[in-house]
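Take a look at the structure set out below.
For reference, chains read A, B and C in written order, and residue numbers begin at 1 within each chain.
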């Protein structure tokens, strides 16, 4: 068997001399690394810069009021006295109220989509629920002002008052705007978030555990109660906290329906205000530097809250996912 | 199905204990779940229907081309300048956020150690969770305070909102590219950067486009970041980003706060335009995403 | 052990290519004589002649602390196919991946020893790994055409990485597809996606893609293990037809395949080459008892 060597085949060393690669190719690796690293550092820098800047903006308010800002109910631009207490109260009530309503609804929807709905319609219905999250908040607020508010005022609240008026919570005044419509709007905004995250968490429950319960003769609900829910509990808590973060930070839709009257009272049907809502409402001319700085102080509070919520939620959701991966 | 089976046999009935009660509880759960799902879809339908019904009447060519004047009385004007303004603001924001987001995703997928990857993901998640009104205050302090509002500052604010969305979806999509596809590229004698740029990224491309589209849909509807940064504008058609530019969501916000019913009508019409565009983009993005997952699934 | 395969050749007459017989396993079908070289494969890649030999000199490979390849000495000669057989986990894939330096792409993996292509150590200090991979091609276990590229673009991809001028690319793609015996099947649909082909066709597409850059050596890592028997047979025939054009090494866990396809067979166990020799001898009269036990099915 002859292998003709008609043309001399070049020695390998010549081939490896790297003639095949132009200068761009050689430095391409390094260039890509530097470019992408720069982008990554930029992203981190944005977060740090944001934190720094808003703290900087808030500094004059902080130096004037200190931590007492958080407990003072004053908000008087004329006298130059500012305090966040009323708004903190509003934020807490609105977001907790929203999560109180949103959590069971979201869990029910997630159960529906993972256990009960006919398989063929699961993606479609799931997509529809997620589309709810895609509605711009200003449009939900518009709907809240013009449709939901009057509806509640004319139809829902009178009934509530008539039937449950003996409970102080439902016995007071009500109007077109207030905390209650804001809670409902926030519920609408947080349900898609909490339910889609809960749905993902339910999907990590090992099917063998579920089958084991059913094989013992459990009803579907009993299986869910004994297997799915306990397994998912930290994840659900994480999802709820994430939803809480969303509710706390929502400015636009809330400011449209809440009535922008800061006060602390137990009647959720009266107008109120929240931290985010107040900031949004002041865009048309916070007069003094101190006022602007106080609004920045609000922003700092919101940022710290979002930081805490995000980190805690992440930890909880991760713990469920890593658990399922290791036992998977 | 389970809940409709009746134990006929006395033996089974004896062992079923409080089966009736248990089955009732099960039924109750099923009903609640159905109710919740119907509620969610119902609210969605309700909101969209309200916008459609209330807005359709005011839509006209005039409306789409005339300029918005929040201070003018009556129903004169339209959203022409707001449409142009939104286009410019979101367009510039996309040009800023998408390349950076893609590059960050490439970094975490190709170069980062596990620890850097987690750190960067953490910061991106944080950024994603920052309330948009806070982002507005940030950009206000950075670019507006001491100067004046500008469309450019508005785009930067929107870009900051978009960045974590783009980065996260690109990260997920790049991670889906099968390792063997990358190996095929390397084995052919492509350098690492060449493999990334000519093999990995194109494989993930439709997923990246989906991520970008969803981020754009989000940015189109954002009001809060713009309030302090690009909200005081003249009722004329403006396209210079060094000046504050009007935008559709901000205009809707201002109209909605107005006491005049005529302005409310315009708000509904603008909302109809906005929601139609946002929903359209979201649906296109999801179709693209489903298609890409199918294709990559075949390759695994 | 230093075995030089040219010492006692199983003479193969190119005109009448009979494949070495596989050992008498009851289940195995009688080996079919190879069909004559099809004109398709002959005309494709006319310019290519296998001339270079590969020699592994005290090659070691590690995954972290795991010593996967232990002091291997082995040659692949041009003009003949070398098969590497052994039980799963014996290190045969790892060893072969050291030849084109894909092993080092895995985090924590390293190697020691020399891999000589003719007289040059591919693992040498100043050797560019990307260029190595243009000289040594690889076909993977599971066909991995680039999912988003057309058939044409898949085959052309290696050429594009090396900056081949566009005019040349079309011709070379044609020749490569001929050389892989695939041209007649895809001639009319070069622009359809690579994923539209059957598994066997996809693997021949990957072979064409590897051949397009005209490598000196072709490494095949269990190329038929994901394919059905008909597709497997086609590829085995192809290997026989390609061995004049490129130095071929095939890793396989299928002993019958080694019997059908290879002139020389090396048996690996626990990271070492236990024995290497002409395929006929390895299966009928091996020197080492472990080889005998493996080929007669006592383990593995």
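Keep in mind that, in the parts below, contacts are C-beta pairs under 8 Å (C-beta built on N, C-alpha and C of every residue); 3 or more make two chains touch, one makes a residue touch a chain.
The structure presented is a predicted model; accordingly, all values stated were derived computationally and were not measured.
Overall, the chain located most centrally, as judged by its C-alpha mean against the mean of all protein C-alpha atoms, is B.
Chain pair with the highest count of contacting C-beta pairs: A-B. A straight line joining the Cα centres of chain A and chain B is 13 Å long.
Computed from the mean C-alpha positions, the centre of chain B lies at a distance of 49 Å from the centre of chain C. Chain geometry summary: the mean Cα position of chain A and that of chain C are 54 Å apart.
Chain contacts: chain A has residues 20-21, 25 touching two or more partner chains. Shared contact sites, meaning residues of chain B that touch two or more other chains, fall at 189, 191, 194.
Taken residue by residue, chain C touches two or more other chains at 130-132, 134, 162, whereas all remaining positions touch fewer.
Of all residues in chain C, those touching chain B in their complex are 100, 102, 105, 130-134, 137-138, 140, 142, 144-149, 157-158, 160-162, 195, 206, 209-210, 213. Per the touch definition, chain C reaches chain A in the complex via residues 9, 11-12, 14, 49-52, 78-79, 117-120, 127-128, 130-132, 134-135, 162-163, 216. On chain B, the positions that touch chain A within their shared complex are 2-3, 22-23, 25-26, 28-30, 32-37, 39-41, 43-44, 47, 50-51, 54, 99-101, 103-104, 106-108, 110-112, 116, 119-120, 122-135, 137-138, 140-142, 145, 160, 163-164, 167, 189, 191-194, 196-197, 217-218, 220-224, 227-228, 231-232, 249, 252-253, 256-257, 264, 267-268, 271, 274-275, 278-279, 282, 286. Chain B meets chain C in the complex at residues 178, 180-181, 183-191, 194, 198-199, 202-203, 205, 295-296, 298-299. Across the complex, chain B is touched by residues 20-21, 25-26, 28-29, 31-33, 35-40, 42-44, 46-47, 49-50, 53-54, 56-57, 104-106, 108-109, 111-113, 115-117, 125, 127-129, 131-132, 134-143, 145-147, 188, 191-192, 195, 219-222, 224, 242, 245, 248-252, 256, 276, 279-280, 283-284, 292, 295-296, 299, 302-303, 306-307, 309-311, 314 of chain A.
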